[in-house]
Structure formats: structure tokens, C-alpha cells
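Both complexes below contain chain A, partnered by chain B and then by chain C.
Moving on to the complex of A and B:
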């Protein structure tokens, strides 16, 4: 299933499109440890591609192989159709923004940005270098800090210097290793939009490594969710969120309720999942690959579950799932509240509802008997 | 009050062990040599009161300093010391930098051992270590025997009692003083800076010149001063390993003092040496200060 978004930019869906980067059966081992396990992946020009996963999942290794600091143990990596194995980092049209920024402490902001240009074919042309540095300073709004040393500016400014320096040589591909990890939350959110804006204006292909799913969802055109050296799912943020292909992805991205149960054979594209004795089975859309009965996980996002003091009226088609439960906890987050509801069988369900009324007038409170409900298309049935 | 007492202790230490001896040497350098005990005149006779002080002060003059400029031996000795100190500092840097670099790049669990190996020679007396070089460098020494056995040379080389032996001695003795500050600077160096340099188009070698060397500059400067300053006044190494033609100010000083028993001239030599060394010492202090500011 693919969730449609109206951005118009989707080269991965076009069989004619040539990828900028192609990983073909790439394996990378460090001693006996396999960091990347038989990876095949295409990344297209102008994409903002996010590698998302917990630490140690191999996402940084992919980035270091693209930069040229590591070579694959097996398989090939193509850039513009050319195998780049063995090409040293200084000869690749690829630049990297390091997690620690790696700004040269002995050079000013200006000289840091000019560093790469002075080692390029532009080296002799001082006026062109100056023009390019000024352009980068303007792009990252650093004009005032050009003469300062890295230790004389703030963390957010340092982050922008690192970005300007890695963009200065106009690389075909820019790698960003946890670029916003060192910033506080508010600055991080602002910078995310700045990054997207700069990516769009320069037309550079960005590959970002992050463990922050919100960041990946915000900035990326496509997200690859990784686990133990393998890519579990590559899709647009919306597809990853709404139609995860496995419990791992569903659980990694955002909050989710998982009901483990036994699914009946699908009929008319729907199946019924028995998850607790004495409770009605969940009616849900069956995945295409499901044939007969199966042990499955039903996954549904907290905001797609409704909560109320009364049993909701049946939908016209009679396709709603409704259960009685008791509120055991309420987390008030300001704009929304998360209700922890325990069903009769002991299954706990998180429900999110927008606080459209002032808190004093809230109708649901602790220990209250409530009804939760969701339609038969609100969740996904996962077979792995 | 307690703070004052705390500061007073090191200052008292400096006053008693540095300033007072220096003033005594300065005073002797302004006196005249004589055959007596002590071998200089005038001596301060406080029993004669104010008159005694006035007579003593009237007897002081700069004659010994003028003498240093008249005899070419002295400025030649100063110059030769300067040359030997500068050259051996450079040699120590050339030998020490790769050692420090190797130590800083070694795996973590190796570093304490390597550090130990650098410091280990300090556990043996400096004098014995320099003396043992005689056994290595002499005509029948280990080095000549080894080279003859290899067939590289057919006649034993004359190394002992030449300036070459002095250079070898100084480089050997002061190597740890060069290695340790450079190692301290290189160890702090963030590996990702070198990767960033390569990523931006540097070869390994140019990354070394453009990143590693500038960022270890403070260590290089500190190490060089730590070698240069004692090498300038070095006496034991030229006395044991150098020949009669090795001219160093430390040796001249020793001869004036013990062979000629001319305490005033010897003192004048010492005072001039100290004045010459104040320049690099002040520069060294400034470097250290800058270091601390950059880190703070």
C-alpha cells in the first residue's frame, strides 16, 4: 500500500528514472561483526533521503561508505552509474557534514568554508572563492560571524558553518550525520525547516542519518527504517507512518497499540482477529499477501481510536469495532491528552484525543468506564 | 589573610632559592678577582657601618662585562652554544614528532606502555646514561662494531669527542621533553577533523600539514623551548661526549670557575647567559598562557 501525497516528486515510482546512488548487494563486515547485511537500495537525485534506526543499526556505516571512509566487503556502490569502490574521499563529488561538525578550530568561519574550495579546481581563482564563500555565508545567514573562530560562536551557528562548509563545493551528494543532534528542541525544529529550504534551493541530494523519527518524518522525501544492518522498510514518511510493513517499523515510528491475535481467513478483503477471550474479534482490512488463517498483530495509532462515555452508534455499514474499558491513567500534554484504557481482557490501549475543551470541562476522568472504538480501516494487520 | 599566606609560600621559595642566589652572583660579577678567600674583592664589611657599605659599592664596576666583549672566546662560545642548541632542538623535533604521533595514533590499550617507555630513562641517573654513550660511540664502541660487521664502513668512524656526539647526547637526553607536550596536543586531536579535511579534498599528506601540524603547534612550541633552554647552558654532555674543539658556554663557565678560579668573570658569564635565556623563557610562558586561554 502506498499513501499518496500531492508533492509530485516521486522518482522512485518511475521505472525510467535513473538513481543517483545505487547500493547493490552491499555487505560490510568489521571482523566478525556484520554492520551491513546484503543491502540493495536506490537513492534518486534531489531526494532528501533519511536513514533511520537505533544506534548500531548500520546507518552511519552506509554514510561512511558513501563518503569513502569505508569500502564494502562485498557488493558494489554506484554513483551516477559508476562504481565508486576504491575512490578516496577527496576524489568523490560527495561532501559530509559531521555529527561533531568537525570545524577546524584554528581557522575562522570564513576560512573553514573556503577550505574545500582552496583544494578544488577553483584554487587559483581567489575572487571566485571569495564570491562562493560570501554566497554560502548569505545562504546560512552567517555574514556577521565570518571573522570569528568556531569557539567564539554558538552551537546553532556552528551547525550552520558546518552546513555551509559542506555545501560550498556544490557536491552531487551531501551526507548529514545526525546534523541536529547537538541542538536543543526548539532550535532543532527551526533548523529542520531551514535544512529543507536550503535543500530545495540548492537542488542538492541530501542523505541524512538520524535516530530521531520526528526529524526523519519532517525533512525527508523518503525514509529507510533500519534494524541490525538491514533495511526493514523504505517509503515516504506518510506510508511509513500509516502503513508500516512490520511490527518493528510500526513500533519504531511514533506511538502505537499492538493487539496480538489469531486472524480468520479473509473474506471480501476483511478478516476478524480474535485477541482476547470473551471480547468480540477486531474486524480489519486484511493485507493482500494474507491467504488463510494466521497469527497476526493488529496495529493502530492512538489518535485513530475514539473514546467516549457511551457506546458509539453503529456506523451505517456496521463496521466499527467498539470495546468497553476503564481509564487507568491520563497524560495531559496541553494540546492533546493520552488516555490509558484497560479492556476487560487486560489489554491496555492508548487513546489520544485533542483537548478541544478547557480542562475543567473534561468529561472523562480516572477510573471511569468508557467506550473505545475504531473503524475497520483505521489500523493495519501485520503478519511479521 | 590565609590567601596571602598561601601565595607567600611559593614566592618565598622563589625569593630564597632563586632571587637571593642570583643577586649574590650579580654582586660577584661586579667585583674584581683576587687571590684570597673568597677569591674576589671588595667584600662587604658591615662592622664598619655605613662607611663600609659605601666603600663596598664604590669597588663595584662593569669591568668583567667589558672583558667578555674584548675576548672573542666568550661571544664565540655564546654563538656556538646557540647554534648547537638550535640545531639539536630541530633534530629533537624531527625525531620526537613521529614518536609522539605514533603514540597518539596507537590503540588505547598500548598508550600507557608507550608512555612508560618514554619516561623510563628518567629512572636511571642522567650522568650514567650520558656516560654510557661513550661506550656506544667510541672507536671500538658498539656502533662502530655493528657498522663494521654490516660492512657499511671499513674504517671505524670518529664520533666520540666531536660535535656530532654532543648532538646525539642532547637529542637523546631531551627527547622526552619534546615527545610529551606534542603527544599531549596530538592526543586531543579529534579524528573527525582529519576525515573532514579529506572529505573536503585533501590528500592524507596535505591533511597532515593543514590540520594536524597547526593543531599541534602549541605542543611543538612548548617542546622546543623545553629542549632549547637547558641545551643552551648544557655542560655535562659537551664535557663527556664533546671534544676539545666543542665550544659551549657551559663549559667555558665551568673552566672560568674551577680552573681559572676567576669567580667574577664566571659570574658575569652566568648573568649574560641568564639574560639571553630570559627572552625564550618569556616567550615560552606566553605560549603556555595562550594555551590555557584557548582551552579555557
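Moving on to the complex of A and C:
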């Protein structure tokens, strides 16, 4: 299932498009440990591609293979159709922004940005280097700090110096290793939009490594969710969120309720999932690959579940799932509240509702009997 | 300022006296006018004059300085290289043996190092003189340099070097333009350490020196054996003055740079 987005940019859907980067059956081993397991992946020019996964899933290894610090044990990596195995980092049209920023402490901001240019084909042309550095300083709004040393500027400014330095040589591909990890939350959110803006203006292909799913969703055109050296799903953020292909992805991205159960054979594209003794089965859209009955997981996001003191009358009869339960916990987050509801069979369900009214006027409280409901297309049935 | 309690005051006085009383007495007697070291015969600077007219002492001082500069420079070069191999190359066959062998001279008694070197020089037929002292000093001070530089390299962020490679440096260029400037303080203090060790080494130098070249420590030691002479007091006072000036200058410089850094950081975050 593909969730439609109105961005217009989708080279991955075009069979004619040539990828900028192609991983072909790449495996990387460190001793007996397999960091990357038979990876095949295409990344297209001008993409903002996110590698997302828990630490140790191999995302950093992919990045280091692109930068040239590691070579694949098996398989090939192509950049613009050329195999780049064995090409040292200094000869690749690829630059990297390091997690620690790796700013040279003995050089000023200006010299940090000029460092790569002085070792490029414009090495002899001092005026061109100066012009390019000024351009980068302007792009990252650092003009005032050009003469400072890295220890004389704040964390957010250091992050921008690192970005300016890695963009100065106008690389074909920019790698960002947890670029915002060291910033506090508010600054991180601002910087995410700044990164997207800079990516769009320079037209550079960005590959970002992150363990923060919110960050990946915000900045990326496509997200690859990784687990133990394998890519589990590559899709647009909306597809990853609304149509995860497995319990792992569903659980990794955002909050979700999982009902494990036994599904009946699909009829007219819908199946019924029996998940608890004495409760009506969940009616849900069956995935295309499902034939006959199967053990499945039904996954539904908390904000797709409605909660109310009575059985909701407005839902179409026969297409809705509704259950009685008891509120056992309420987490008040200001704009929304999360209700933890326990159903008769003991299954716990998280429900999120926007707080459109002020607190005194809300009716649901602890220990209250409530109804939760959702339509037959609100969740997904996962077979793995 | 807080007032010191009488207990703290006493222990401070006793401690300082224990450390510095001998030196103070030495400095005072260096201005003694008389020939006898322990009998005060009025203030005079005549022994300083005598010292600067004594050819043998001046020659020994010159040899010492030459040996110290050459040996500490070569030791710094070799010691830094050894440190890089130890910290950077990761595991290789014989790494443990190699690191053990580099650090062994740290704990080896000087007498044994000196004797071993003497036997080596005799075996290969090398005439003893300034060259053999230089070689011997390189051997034993190299490991000190290597310890100092290795500890700095261990805390060095490898991604700085990777960033340099990523931005177009060859590995050699990356070392020259990023790693070396950053570890420079450790390399310099390694050099200073090697220099000091060479300056005051008596045991190894006496094994490896020849009749043509005597270092200052050997000269002083042999002069003292014939009886302490006021000239030695004068010489020692000069050495104390040099060392004190060096230490005070170094501490003032580092204090100033720390203060400047703190001020600059405050400015950066204050805006």
C-alpha cells in the first residue's frame, strides 16, 4: 500500500530514473560479526534519505562505507554508476558531517570551512576560495563568527560550522551522522527545518543517520528502517507511519496498539481477527498477500481510536469495531491526552484524543467505563 | 584570604623547610668570600667570576647542552612515531611485546642500561665521546616521550583525522595539518622531559662518555669527590635560577592562556 503525498518528488517510483547510489548485495563483516547483511538499496539524486534504527543496527556502517572509511566484505556500491570500492575518502565526491562535528580546534571557523577547498581543484585560486567560504558563512548565518575558534562559539553554531564545512566542496552526496544529537530539543526542531531548507536550496543529496524517529519523519523524503544489519522497510514517512510492513516497523515508529490474533480467510478484502475470548472479532482490511486463515497482528495508532462514555452511534453499522473497557490511566500532555483503557479480556489499548475543551469540562476520568471504537480501515493487519 | 590555623602553618613551614633549606644554604654559600665552603667569610661574587674563567667547566657545560638538544630532538621524533604505532595500528602480531619493550627502559636501573650500552659500544668498536652519550640518551629518553605522546593520542578524537581525509587530505597531509598541531603540546612536553633527563643524567653518561667529552654532571660529581669547592656552589645556584625562571614562566603562560580561554568561552555563550 502506498500513501499518497502531494510533494511531486518521487524518483523511486519512476522505473526510468537512475539512482545516484546503488548498494548491490552488500555485506560487511567485522570479524565474526555481520554488521550489514546482503543489502540492496537505491538512493536517488536530490533525495533526503534517512537511515533509522536502534544503535548497533548497522546504519553508521552504511554511512562509513559511503564515505570510504570501510569497504564492503562482499557486494558492490555504485556512485553515479561507478563502483567506488577501494576509492579512498579523499577522492570521493562525498562529504560527511560527523556526529561530534569534528571541527579542527586549532583553526578558526573561516579556516575550518576553507580546509577542504584548499585541497580541491581551486586550491590555487585564493579569491574563489574566499568567495565560496563567504557564501557558506552566509548560508549558515555565521558571518559574525568567521574569526572565532570552535571553542568560542555555542553548540548550535558549531553544528552550523560543521554543516558549512561539509557543504563547501559542493559534494554530490552529503552524509550526516546524527547531526542534531547534541542539540537541545527546541534548537533541534529549528535546525531540522533549516537543514531541509539548505538541502532544497543546494540541491545536494543528503543521507542522514538517526535513531530519532521524529527527526527522520520530519526531514526525510524516504526513510529506511533498519534492524540487525537488514533494511526492514524503505518508504516515505507517511507510508512508514500509516502502512508499516511489519510489527517491528510499526512498533519502532511512534506509538501503536498491537492485537495478536487469529484471522479468518479474507472475504471482499476484509477479514475478522479473533483476539480475545468472549469479545467480537476485529473487522479489518486484509493485506494483499494474505491467503486463507493466519496468525496475525492487528496494529492501530492511538489517535485512530475514538473514546467516549457511550457506544458511538455515528459509526456505520457493520463496519465499525467497538469495545467496552475501563480507563486505568490518563496521561495529560496539554494538547492531547492519552487514555489507557483495559478491555474485558485484559487487553490494554492506548487512545489519544485532542483536548479541544478545557480541563474542567472533560467527562472521562479514572476508573470510568468507556467505549472505544475504530473503523475497519483505521488499522493494519500485519502478517510478520 | 582565610587565616591559616597554627597547625596548618607549622606543617607548611616544616614541609617547605625540608624541601628548600638545603638549596637556600647552597645559594647563600655561593656568595661566600672565603675558600672554605662551610665557613662564612663575607659577601662576594668572586666564585662566579672564577667559574666563568674555568675552561673545563665551560666546555663540559657546552657538551651537556649539545647532547641534550640533539638527543631530546631525536628521541622526540622516535618516541612520537612509536606512540602512533602503539595507539593507532590496533592489534598486530607482537604488539604486546613491542609495547612492553618500549616501556621497559622506564623501570630499568640506569646502571644496567649504562653498562649494556658500554658493552655494545665496545663490541661494535665505537669510540666513546659525545656521539655515544647522545645515542645512550636517545635510547633511554625515547620511552618517556612515547608515554607522554601516547597518553595524548589516546584521548584524541579519531573523527578529526577522518574529517581531514573526508575533506581531501592524504593520510600524511591529515597528520601534518590536523593531528600534529593538536598533539603539539604533548610532543613539546615530551621534548622538555627528554631534555631535562639528558641534562641531569650522571650514571648513563659516565658509562658512555670518553676522555674527550665530559658532561656537566660528571664534572661536578668528580670535582665534589676531591672536596666541595665554592665554584660548584656558584654553578648550582645558576642552574637553580635557570630552572626556577623556566618553571615560573611556563606556569604564568599556561595560567594566562586558561584565563583567556575562559573569557572567550564566556563571551561566546553570553550573546
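By definition in this document, the second predicted complex is superposed on the first by the 381 of 384 C-alpha atoms of A that agree within 3 Å, B and C clash if a C-alpha of one lies under 4 Å from a C-alpha of the other, contacts with A are read in each partner's own complex, and residues count from 1 in each chain.
One rule holds in what follows: contacts are C-beta pairs under 8 Å (C-beta built on N, C-alpha and C of every residue); 3 or more make two chains touch, one makes a residue touch a chain.
Just so it is clear, the structure is predicted and the values come from calculations on it, not from any experiment.
Because the two structures share chain A, they can be overlaid on it, and in that overlay chain B clashes with chain C.
With both structures placed on the common chain, the touch criterion links A:88 to chain B and to chain C.
Of the two partner chains placed by superposition, chain B and chain C are both touched by A:106. When the two complexes are overlaid on their common chain A, residue A:69 makes contact with chain B and with chain C alike. Shared-chain residue A:154: touches chain C; no touch with chain B. Looking at chain A, you'll find residues 67-69, 88-90, 94-96, 98-100, 102, 104-106, 115-116, 119-120, 151, 165-166, 169 touch chain B in one structure and chain C in the other.
Note for the complex: chain B touches chain A at residues 190, 192-193, 195-203, 206, 210-211, 214-215, 217, 294.
Chain C makes touch with chain A in their complex at residues 157, 159-160, 162-170, 173, 178, 181-182, 261, 264-265, 267-269. By the touch criterion given at the top, residues 67-69, 88-90, 94-96, 98-100, 102-106, 115-116, 119-120, 151, 165-166, 169 of chain A touch chain B in their complex. In the complex of the two chains, the chain A residues touching chain C come out as 67-69, 88-90, 94-96, 98-100, 102, 104-106, 115-116, 119-120, 148-149, 151-154, 165-166, 169.
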